[in-house]
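Take a look at the structures below.
Each of the next two complexes has subunit A plus one more chain, namely subunit B in the first and subunit C in the second.
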Partner chain A sequence: MSSTASTFPPNSAPDPQTKRTPLFRPAGNLQPGIVATLILFFCLYAGYRSGDFWSALNWRLLVQPLAEAGLVSLGMMFVIASGGIDLSAGSIIGLSAVAAGLAAHHGWSVPAIEGIAILSGLLCGAFNGLMIGVLRLSSILVTLGSMILFSGIALALSSGSSFAGFPEGLLWWNDATFAHIPVEFLLFLGVAAIAAVLLQRTLWGHYVVAIGSNPVTARYSGYPVALSTFAIYSVQGLLCGMTGVLMVARLASARADMGQGLMLMAIAAVVLGGAPIEGGAASVLGTVTGVGAFYIVQDGLLLLDVPPFVQHALSSVLLLVAVAFGNLLRGKREDGR
Partner chain B sequence: MRKISSTRQRKLDRHETKLAALLVLFATVLAFVAPRFFGAANLSLLARSMGVLLIVAVGMLNVIITGGIDISAGSILAVVSVVLVRLGNHGMGAPYALALGLLTGIFLGAINAALIAEFRIPPIVATLGTAGLFRGLLLEWTQGEWESSIPAWLNAWGRPRWGGLDASVWTAALVVVIAAMVLHRTQIGRALFRYGDSPIAAARVGISRRQPIYFAYISLGFLTALGAIFYAAQLGAVQGNAANGYELTVIAAVVLGGADILGGRGSLAGTFLGVLLLCSLQQALVLLHVETFWQNIATGAVVLAGVIFSAAPSYRKKIMLRQGSPA
Partner chain C sequence: MIKNLRRAITGILAILLLTSGCSRLPRNSETLFVMVPKLVGIPYFNAARDGASAEAARLGLHFFYTGPTAADASLQVDVLAGLLARHPAVLAVSCNDANALAPVLRRARRYGISVLTWDADAQPDSRDWFVSQVEDETLGRHVMDVLAEQMRGRGQFAIITGSLTASNLNAWLYWMKKQQQEKYPQMQLVSVVPGNDDQQQSFVQAQSLLQAYPDLRGFIGNSSAAPPAIARAIEQAGLSGKIAIAGLSTPNLMRSYIQDGTVRTITLWDPGKLGRLTAAIGAMMLRHETPYDGMDVPGVGTVGVFPESHKIVMGLPLDFTRENIDQYAF
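== the complex of A and B ==
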C-alpha cells in the first residue's frame, strides 16, 4: 500500500545508470514514518518506566476510545483530502448519541437504536454535503454554522440532560471481544480497510483527491464534483453516527456535548498523519498512525504520572513539532511560503 | 447577463448594505414582538454584551483578512483573564497587572505568528495546536479551580459608568476607530489586504511575507487580552475553562459581517453589524424567554443563512470566471 494516494509513479525508464535507488530517497510522505518511530521510542520508554504499559488491560482500555476517535478521523481524512474541513463532527456525534438515548428511552429495540443514531448522523452529514457540494459554499463556514445548529438540536431534544438505562444488547459493543481484542477496535480496523480501498481503488477516491488538489481542474475534467463532495460529507456523518453509538455503548449514557473534543482531535490526527490541510493528498495508514499516536502518548503520559492537563498540552506540542518537521523535510514549497 | 454595474448598484450589492437591511427587518419584527427590546435598560445591556466580542472580532478580522484563522483566541482570552485576576489577587497594582496581561496576549499572539511565518505551519493547524497547548498549561496552572473573587479595581471596570455604558463599550468604540485608521490609512493595513488577496502577488510588489502575519496575530493577541480584561471584569470570576469555544463565536460574527474566509476581503462596518446581529439575536431570545438550546439553533441558522446570503455575489463572480469573461 503506497503511503499517499496522490503521488504518481515517477517516470521509470530502465536506465542502468540510475537503476540503483539511493538509500535515503524520500519516497512519498515521511511524516507518518517519523511519527511512528517517535511513538515506538516513546512506547519503549513508557514500558521501561511503567510496568503497566504493556499490560493487556492497558491496551484494552486504550484501543476503545482510539477506535471511536479513529472512525471520526477516517471521515475527516476524506473531508480534508477534498480540501475541506468539518467543524461540526463533534456536534453530529452528540446529536446521534442523543438520538440513541431518545430511542432507548422509548424502549426501541437495539438495532433500531443503532439505526436511528447512524441515520441521524448520516442526515447531518448529508445536510453539510448539500450546502458544501451542491450549493458550493465554503466548508469551514457551513460546518461552523451547522456545528452550532446541530448541538442546539441535540440540546433541545435532550433538554440538556443526559440519558441512561440502555439495553444490554447495545452495551455489547463495549464488552464483547474477539480473540481478546475489543470488537470496537476490530470494527475500526475494518472501516479503515474499507476506507483504504475507497480512497485508492475506486473512482470516488480519485475524485476526492482531485477535488482537493484543484477543484477547478476537477470540474473541467468533468468529474462529478458536487455529487462526490456530497458523498464525502455524508460518509463523514455516517462515521460520526457510528462513533456516537460506540461512545454511548462505552459510557452507558448519552449527552449532547459528548463529541466535543473529538472534532479538533480528528483534524489534528489527520494532519499529524501527514495529510496537508489544504487537501489533495491523504493516506489511511497516516491517519491511523496519527490517531494512534495521540492516544498512545496520552495513555503513556497518564501511566508516567504526568498531570492530565499537561498531557493535553504535550499532545498539542506533538502536533506542532510533527507538522513543523514535516514541512522542513518537504523543503521549500513552490510559492516560497 | 449582467452589465458592468454602476456605483450605486455596487453599493446596494455590498454585503454591509444587505446585512443592515436584514437588521432593520429584524428590528421591525422585534418592535412588534418585544417592544421592551428598545428600552434604555435593554439597549445598554445589549451594548455591554457586544463590547468584548467586538474587541476580539476586530483582531480576528485582521487575521481573516490575511487569509488566516485563529482557533486559539478563546484559550488566549482565558489565559490572560486568569493571569490578570491572579496577579491582582496577589496584590499587584492595577497598572502593572494590566500591562502584564496585555503583554501575555501579545506574547501568545507572537507564538502563533512565529509558528505560521517561520515554520510555515498552516494557520488552522498551528492555532489548533497552540489552543490545546495554552489551555492545557492554563488548566494545569489553575488545577481547574475557580478564581471566585477579582480585585476591586477590576470589578470597577465591569460596572456601568459614563452614560450607563461600561468601559468595554467605550474601549470597543475606540478600538474600531483606531482599527479603521490602521486598516485603511497605513501601509501595514493595506499590506494585510494585499497579502490576503495573494501572498505571491504581495511578495512581488515588495510586501514582506512575515510582517502581515506577525501584525495580524499579534494584534489579535493584544485585542484578545484587552477583551479579557472586560471579560473578567464583567463575569467577576474566572476559571481555566473560561471562554471555551469563544473563538468560534468570534469567527462566526466576522464572517457574518462579510469577511472572506479565504482572505483579502473584510470590513469593520461588516464586522460591527455581524456582532450586532449575533448579540441582538441572543438578547431578543432571552427577552422572549426562549430556552438556551433554541438560542443555539437560532444562532446556527442565522450563521448558515448569512453564509448562503453572502456567497451569492461571489458565486456569480465564480461563474463569470468559469465562463472566461473578464471578472
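== the complex of A and C ==
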C-alpha cells in the first residue's frame, strides 16, 4: 500500500495521529461502549421475557446474517473513515451473487464460482475507486451512478429471475460449524481482525483516516491519496463480493436485488459504532458493535412479539439515541479546542 | 459524566419495562401457528391475516402473524430464522422467492416444524403443502381474456408488473403472454415494466408508457398496486373509457375506479378465504391428517388437492365488477 511518491517519512516524527493505540481500543470514543451496555441490558430483558432468546439455536441463526452485514459494514467503515460513502454496496453484492449464479449455471467448480463472485465484487469496487480516487469525482455521485449501473448489469445478466441449483460444496458455508459456531461468523471475526490491523497498524490505515480528516492536507502532505482511495473502494468491493458468496450459500439462490437492504444497514452500523459520518475516524470494534446491535435488537424484538413496524421504529430509535449520545460526549470533549 | 450515563440508561430501561410489561411470554410451541406474509401492512395480507386468525381461534391454535416490512426475500429469511428459535408447530409462508426461501424452510422441517407455503410457493421439497389460491395458468389466461374482450382482440397493450423477480407474478406473466400469442395474434405487447408493488412508481410508469406509445389501447396491472395507479394515470390524461384496464388488485383499491367506470373488471381471489384455508390446513397438520381431494373446508368450500405435487388449490379467480364489488372489503 505504501507509495514511492510519498515524501512523508512514515516512521519519523511521533505525530500524535500516528502514535500507536492498542489494536482494539476505540480511540477515545465512548459510543460503542454505550451501545454495548444498552444491548447488554436489552439482552437481559429479552432473555427474561422470552425463554427462546438465550437458546443456542437462536444465536446460531442470528449470527449468520450478522456476519454478512458485518463484512459489508467493515468495508463501509473504511469508506466512511476516508470521508466518502458507498451507495453501490448492495448492488455490488447483487452483481457478484448473479456472477456466482451464472458460473454455477455453466457447471463451474466451487472454487471457480467463489472466485468469480469475489472477483466481480473487486472489479466493481475498483471501478468506483478509479472514478473517486483517480478522477477525483464525488463519492456520493459516483456510487449513486454505479449503484444503478451494477444492479442494471445484474438484472440484465439474470433477466430478473433467480438462479438456483448451486453445488453442495458452495452451500457448505451455510451449514458448516466449527465448535458449534457457524463458519460464516468465524470468517467475519477473522476479517474484522485483519481490518483492525489494516486500520491501525499499516500506513494505508493512517492514510485512510488522514484523507477523511482533511483531504487537502493529506494531498499536500504528499500522501498517495489517489492510490489509497482506489484501494479503499477495492477493499469494499472485495468484501461485498465475499458477502455475495455467503448470501448465495445461505439462500441457495442468487438474485440481482439480493443485497439491497444491506447498504443502509452498513452505513447505520458504522455510525452507530461511533464513527463520524463526515470521516476522519473509525473503529473496528465500534463497527462490529454497531452491526451486532442491529441484529440482536431485531431478533429480540421478534421473539418479544413486537409488531414488525414497531421493530423498525425501535431499531432506529437505538440509532438516534446512540448518535445523539455520541455527539453530546464528543461535543464536551471538543469544547476546549 | 458516568453518573449522567447511568441515569440515562436506567431511564431507558425503565421506559422499556413500563411500555412492554414484564410478564414472561408463554411458550406455546405445541399449538403455535405462525403465518408469514410477503410483507406486512398491505390490505391484501391483512385480509388473509384476519381470515386465518378467525379460523385459528375457532380451531384452538395459537396464532402469530409477522413478516418483513418490505417484499424482500433476504429480509424474509432473516425473519424466519428468528421465528425458528420459537419452534412453532406449523409455519405458513408466502414466499418472496421460491429458491431463496427453500434453505430456511428445509431447515425448519429438519427441526420438526410442519411447513406450509401459501399464496406464493417455494421449491416443492422445502415444504409439506402449498396452499394455492388458483392455478397460475388459469389466472394468467383469464386476465388476458378479460383485457382482450375489452379491446375486441386487437391493438397495443402494456403490462405493469410488481418486481421483476417475483416468481408468482412471473408465472402469471408467462401465461398472459402465452394466451395472447395463442388466441389474440392481432394484439401486440409493447412493454413489460416493473412498478415494484408501489403505487407511485406504477403511476409514473403508466404515465411514461402513455407518452411513449400514443396508440396504446390497453393495460394489464400484474400486481395489486399497479391497476389503481394505471387507472389514475388514465383519468388524469383524460382517456377514461378509451383505454382498457385489466389485472389483479383488491376491491378497496379499485372501488372508486370501478364505480366511475374507468375500470370495468378487476380480477383476484378472496385472500380472507385463502387465510382461512391455510389455517385449516395448519390444524390438519397438527392432527397429523392428510388433505384429500374434494374435501369441504368450512367457510371456503370444496378444494382441489393434488397429492403428487402436494398442492391444495382453493378455486377459480374472482372478477370484481360494479355489481359485486361492494360485497368485498379488503
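Everything below uses one rule, namely that the second predicted complex is superposed on the first by the 304 of 337 C-alpha atoms of A that agree within 3 Å, B and C clash if a C-alpha of one lies under 4 Å from a C-alpha of the other, contacts with A are read in each partner's own complex, and residues count from 1 in each chain.
Going forward, a contact is a pair of C-beta atoms (placed from the backbone, for glycine too) under 8 Å apart; a residue touches a chain by one contact, two chains touch by 3 or more.
Keep in mind that what you see is a predicted model, and the values were worked out from it rather than measured.
In this overlay on subunit A, subunit B clashes with subunit C.
In the superposition on chain A, contact is made by A:G145 with subunit B only, not with subunit C. Of the two partner chains placed by superposition, subunit B and subunit C are both touched by A:H312. Using the contact criterion defined above for the overlaid structures, shared-chain residue A:L155 touches subunit B and also reaches subunit C.
In the superposition on chain A, A:L61 contacts subunit C only, with no contact to subunit B.
Judged by the touch definition given at the top, the superposed model places A:M247 against subunit C, while subunit B stays out of reach. Contacts of A:L302 after superposition on the shared chain: subunit C is touched, whereas subunit B is not. The single stretch of subunit C with clashing C-alpha atoms against subunit B, selected from 1-9, 19-27 or 235-243, is 235-243.
Overlap of the subunit B and subunit C interfaces on subunit A: residues 155, 160, 307, 309, 311-312. Listed in rising order, the residues of subunit C touching subunit A in the complex are 1, 5, 8-9, 12-13, 16-17, 20, 22-25, 27, 40-41, 64, 66-70, 72-75, 77-79, 81-87, 97-103, 111, 123, 163-165, 167, 170. Of all the residues in subunit A, the ones that touch subunit C in their complex are 34, 37-38, 41-42, 45, 48-53, 55, 57-58, 61-62, 64-65, 155, 160-164, 171, 174, 247, 250-253, 255-261, 298-299, 302-309, 311-312, 321, 325, 329, 332. Taken in their complex, subunit B has these residues touching subunit A: 69, 71, 115, 119-122, 124-126, 128-133, 135-140, 144, 199-200, 203, 209, 240, 248, 251-252, 255, 261-262, 291-301, 303-304, 306-308, 311, 315, 318, 322. Residues of subunit A touching subunit B in their complex: 85, 87, 131, 135-138, 140-142, 144-153, 155-156, 159-160, 216, 219, 264, 267-268, 271, 276-278, 307, 309-317, 319-320, 323-324, 327-328, 333, 335-337.
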